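Here is the structure we will look at, set down as structure tokens.
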Amino acid sequence: MLTTRGLTWRIGEVSIVDSVYLDLAPGEFLGVIGPNGAGKTSLFNLITGLRRATEGRVTLDGRDVSDLPPYRRARLGLGRTFQASSVFGSLSVRENVRLAVQAHRGGSLKLWRRAAADREVAAAADAALDRVGLAHRGTALAGTLAHGEKRKLEIALLLAGEPRVMLLDEPMAGVSAEDVPELVQVIRSLTGDSGRAVLMVEHHMDVILELADRIAVMHHGALLACDTPETVMANPTVQEAYLGESL
Amino acid sequence: MTEVKSPEVPAPPAAVPDELTEQPGRWSRLRPFLPLVALAVALILPYSTLHLPGIFEGALNSPGTLQLLAVCLVFGGLAAGYDLLFGRTGMLSFGHALYFAAGVYGTDILITRVGLPLWQAAPLAIVGGTILAGLLGAVALRTVGIAFAMVTLAFAQVGAILVARDFGGLTGGEEGLPLDVSGLPDGLVGVTNTVNLYWLALAYLVVVVLVVHRVSGSPTGRVLAGLRDDERRIGVLGLDPYRFKLVAFTLAGGLAAAGGVVYCLIVGGASPHITSSELTLSLLVMVVLGGPGTRWGPVLGGILYMYLDHRLVSFGTSDAVNALPAFLSRPLSQPLFVLGTVFILAVYFFPGGLASLAPRLALLRDSLRPGTRRQG
Amino acid sequence: MSEPVLTVENLSVRIAGLHILQGVSFTVAPTGVTVLLGRNGVGKTTTLRAVVGLTPRNGEVRGTVRTGAQSLLSQRTHRLVRGGLGYVPEDRCVFAGLTVAENLRLAERRGTRPAYDRVFALFPELDRRSRQRAGSLSGGQQQMLAIGRVLLNDNRLLLVDEPTKGLAPKVVTEVAEVLERVAESVPVLLVEQNLAVVRRLARDAVVLAAGRVAWTGDAQELLLETALTRSLLGVGSAEGHQHAAVATADHPAAAAPEDGS
Amino acid sequence: MDAIILLTLTGLGLAALYFLVASGLSLVFGLADVLNFAHGLFLGVGAYATWWAAGNLPGAGPDGLGFVVAVAFGVAAGTLVAVLVELVLIRPLYSRTIEQVLVTVGLSLAGVALLQATWGADARPFPRPAWTREVTSIFGAQVPNGGLLLIVAAALVLGAILAFLRWTRYGLIIRAGVENREMVTALGIDVRKAFTLVFAIGGAAAALAGALGSVYFGTVSPQQGGSLLIFAFIVVVIGGMGSVVGSAYAAVAVGLLQQFVNYYGTSGLGDICVVALLAVVLLLRPQGIAGKAVTA
Amino acid sequence: GSPQDTANGGGDSAAPVKVGLVYSQSGALASYGKQYIEGFRAGLDFATNGTNKVGDRAIEITEVDDAGDPAKAVSAAKDLIGKGNKIIAGSTASGVALQVAPIAAQNKVLFISGPAATDAVTGANKYTFRSGRQSYQDVVTAKSFIGDPAGKKVVVFAQDGAFGDANEAAVKAVIGGAGASVSAVRAPASATEFTPFASQIKSAKPDLLFVAWAGTTAPAMWQTLDQQGVLTSTTVVTGLDIRASWPTFGAAGSKISFLSHYFDGASDTEAAKAAKAKIPGGTLDLFHPDGFAAAQMVVRAVAEGGDDVDKMVTALEGWSFESVKGSMTIRAEDHALLQPMYQASLTGSGDTFTATAQKALTADETAPPVQAMKG
């Protein structure tokens, strides 16, 4: 579904992302790990178009999207969450999700209809909120949410867009232990049988191991390995560069 | 800090944005009808011979009062339109005066210099102003933030220079261009017909308020609110930020141009005052005075600002002020001094604008009521 | 036991009309790590911020916070910090527009020698990247910078809010080690979600629930008692779900049960 | 040839005036993140205080050392007003950027009106040393000494500001404080003092510009500050927000452009060219010539 | 009833006559406005012999500040008209005069424009008069400085905009029409650096330089012209502004030939003496005569016309009267106010300057060409 071919991003002489080749099949769940600063977030930025790659191509369903702006890529079914939560702080939680639903359904450029009257949008938004367990916070302003709640809202925004390829950037960071299983369930349900694909960066190894079909390891911008969890975890370089000694 | 026991009050539900909740109570049940009440008052006003000494010079239905009210209403509408950019989309434009001026000068030139009848000149001026806003917006929106503010300022400045230079002998330069009324409908000419100008201004205000409310409650309005918070996010959701901003910019420009048409008729001409960046700044002041992004704030702010702007002139020369010692009467006789000071005080004491006054008053009332005492 | 380094009594915080904290009381022992636990949104961050005097403008703080007899609530933040209260905020708050070196330079305090060698020994990365803008650092690098900033000075008490969030397992281990070493000389009040880290570091624990203290006591005891952890933290036990992989990375299969949670 | 030298040197004089006005603005804008519309008021205060001192202050006068004393008094007055404004009006509004801008807008209205109420709307002759009215012949061009004075002053101000930013910690503190005030205090720094200092420096620079600008104009009037302000804004933006060196470059570009276009082109084209330059620079490089390099 | 029924005072012969004065009390032209109103009061006193009454009808004056803003002036004018004022006077700024004039015509009230110098007020409409001079009269006075203009080279240095346009056009018509070749150097009103313009003027080597410049940058402009040697190389003529501005000419002042509308000592008429005695400070200035004449015109209009505006108009048209500047005539065809003008020179230094009249031009000599009445 999603492929990158020699994706590279250089600042001056330094390659932040270095010739990355990735293939994501429909229904696949690919975990991305790597030390801090390996270039994982940068890779996401290149794929979604927030940054322009210095070299290389990105294709989505066989279509070259390398030169499209972020919103066009999103419309082709590419969705993402952000490492540092970026929600619409002055809108209520519910409005946040409704906006995402509406963006997905098109028809946002309607100047004379009452947005609140669109029951389908409202229903879809509430469903998404329900799935991440934020329904009770629907009227709170998103800017005042606690950290973990913002993470959930991020996922709800993603869900609302029903993307076919989803990029999750550390969805578990800062989520309290109690809520992790629930969120893992939500994320697991993202792929399901629908043929959607997920690319997820995460430092919580147990979550990655639980969810991922394959794991890609990034190091200094390059793809060190991309294989089954077992093989990757057994890789001595990964052990040394990423996992270190156990606590 | 002193040690105070926190009262055992159960935590209320999380904060809820104003427009989304209906709090029970007499006040809030009345609230939806307040605009209607205001409209009714506005409709009755020209039939009233009431004197409000100190507030208006003459009776409510005297031409002077109606003229003043008409100007205030136009600016109420103008501020509401500007709020579509500033308060609702988060775009800080310093060049909004340009589109207003396009409406004023467009109408004036088309009528006075070209000789078109009003019914042709007015739509042409509005369409022209809208197109101008669309074109310049398309360029300016390639920048964001302060850069955007400055590019719009630059465009407006070019407009101001062209007007002041009397470009092509069309604008009358710094002396302005009186409107040739010979081709206008009789109902819009002469002091005795000031009331018709008032109706026109009221209609303009109602239209703008309607448009702004509809648009900000529409799907597009939701996107605009999202843009205000995080533009990058909007892009990732699959919406083109540029396109929506351009829509808002063009729409606001068109509304301003329409205001210009009405203003041109009310004042009976155009003068270069209205091209200055100060006008945009005062629009900003009006919106903030009223409460950006709120339903009625900008309208109230615009009306109040213009009212003060006009009335302070006579306040400054009133006997009450002249009787004061020189160190007081001298500054007070400068309208801008009073306006500036009032404005600064407003920023301090009504953060969130006039619109935030009602909830604050409600809070005050609650805290005075025994039983639900709140500290702080 | 000796006098606590920090005493919080009946602390209540209201922000924008919401009661976030309602009468929170606990103490921080003069040595070791005291950990503050609780679900998302219970008010852990709010507690720390109230202690350093960073409650937002529309907030209202009541109660007592003192070290010894000295009340902290009446003092301005910069005085507290100069007096030896180090704070590592939750969202790192490095100055994105400044370089790493400038970020560190800013943290130097007048009249003391900044311990650059200590910081660079812990985080050599910071030395290497000293000319890079902090905004372009990766998340983990920013976290190192945020911790490095307070370690530049000698403190009487450190408040650290989720220092391992978003860090690679290896760095988590490193940060935990750092904190462990720091805690030998300075008491630390730590907010942490990673129970593996908590287990390694914490001596005392305070568990918050809905703006109130739900439990205080010995941290290790808390983690050992499955019933307690389940009711307070919602996890089966400290060995439970989260971060198990960190501890058992050598046996990946064991850490990834097929049936999930 | 004469004409070119003359235009270049007088253009640089104009640039120096723009820079003097813009430097304080740029500093306050770039460091404290306050778009200070009251800058024109500080200019006016500096000018009127100098004017008043030259006539009334013992030891001050229109000539020689007396003039230096008068200007020093004007600068002190401008600084004082700026500090008061910061303490009383700006400080309570930190982190509410828009409101700060609005307060300065209100202040610019009220302050200028106050100057007018006190000293009248009309321009008054400004006391100044006789030599500033004369010209110096440079390669056959009669260059006004007033312009040369501005150039020297502008160079000194540029040097002083750069030294301040480079050799004190304040530059750092303020830049950090703009990003996140809270966090600066959490590092044990009293950020409020630093911001007051920035305003003091901005006010001093503005007052100096007001005094020297009045020497150049020969008169002092309440509106003078405001009319210079728009070009100062343009200079600040072209130069890149908060980059003092950028402002210097931009001032030179704007001054020379205006001067040459006004001579070789038709009248009024100079202004339009400057505005066009602004638009082009912003569209090509939204961050301005010198980008976000706030240090210098 | 219909909205907005205003109760207008009927023709009660003893009721006071309402006169509205709309002029700048604040804003940039406040000092002009101050002189105007002082002159008006003195003129009213003079024309009514101190009674402020015409016959047995008192003159009731309402003053309104327009702050130089046409929109405010229009509001004020409508308010005054609505309250039954049949006479409006004032207008310190040209923009105000131009926008109030049509209001007067639409509502058939008398409008007597004040210091506003724009030529466009002359012949604006039947109901509009002026109590001051117009740009054209300035230019005719300027012409008197070069004797026979034929074959001479004249340069106009003026600011952009209508004021500059009017002056340039007038010079072309008056001096160019008399055989001189006229060219113009124009500068933006916002200019702060005048060297390019001074260079252009200098290289044109004119026999006469006519400068039309208003605003706070004037001193810098003069200094530059002086420094670049323009003032010594040719005859430079400009209008003499209010007394307070004289010191701002500095050293340049003595090198300029001034045309003057009025200054203290330019005339020694009865009216001038009366005005001098009445106004605060006792020193006449540029716009005192405008207010004075306006008051005289008001009294005449009321005395002859009562409450009938058309009668007032007829009474004023063609009327000659003795005012501060001497004998003035309201030309019937276009309501131009024919009046004497002066050549003056400035001497002195520091803060004390004196203007001396070199020559007075008669009202006929400075008469502008007759305009067709526009409305």
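As written, the chains take the letters A, B, C, D and E, and residue 1 is the first residue of each chain.
By definition in this document, a contact is a pair of C-beta atoms (placed from the backbone, for glycine too) under 8 Å apart; a residue touches a chain by one contact, two chains touch by 3 or more.
Since we're looking at a predicted model, the values are computed, not measured.
Counting steps between touching chains, the shortest path from chain A to chain D takes 2.
The chain with its Cα centroid farthest from the Cα centroid of chain E is C.
With centres taken as mean C-alpha coordinates, the chain found closest to the middle of all protein C-alpha atoms is B.
Contact count check for A-C and A-B (C-beta pairs in contact): higher for A-C.
One simple way to say how far apart two chains are is to compare their mean CA positions; for chain C and chain E this gives 77 Å. Our note on geometry: chain B versus chain E, Cα centroid distance of 37 Å, whole angstroms. Inter-chain spacing, taken between the CA centroids of chain C and chain D, is 46 Å. Chain E has its Cα centroid 74 Å from the Cα centroid of chain A.
Chain contacts: chain D has residues 116, 268, 271 touching two or more partner chains. Residues of chain C in contact with two or more other chains: 16. Looking at chain E, residues 160, 188 sit in touch with two or more other chains. Against chain C, the residues of chain D that register as touching in their complex are 169, 172-173, 175-176, 179-180, 182-191, 292, 294. Across the complex, chain A meets chain C through its residues 33-38, 41, 83-84, 144-149, 170, 173-181, 184-185, 188, 203-206, 208-210, 229-230, 233-234, 239, 241-247.
By the touch criterion stated above, chain D contacts chain B in their complex at residues 35, 37, 89, 92-93, 96, 98-99, 102-103, 105-114, 116-118, 230, 233-234, 237, 241, 268, 271-272, 275-276, 278-279, 282-283, 286-288.
Per the touch definition, chain C reaches chain D in the complex via residues 52, 54, 76-78, 81-82, 87, 89, 93, 95-98, 102-103, 105-107, 109, 149, 153.
Taken together, the chain C residues at the contact with chain A in this complex read 15-16, 38-42, 45, 90-91, 125, 137-141, 143-144, 162, 165-174, 176, 193, 195-197, 199-200, 233-235, 240-250, 252-253, 255-257, 260-261.
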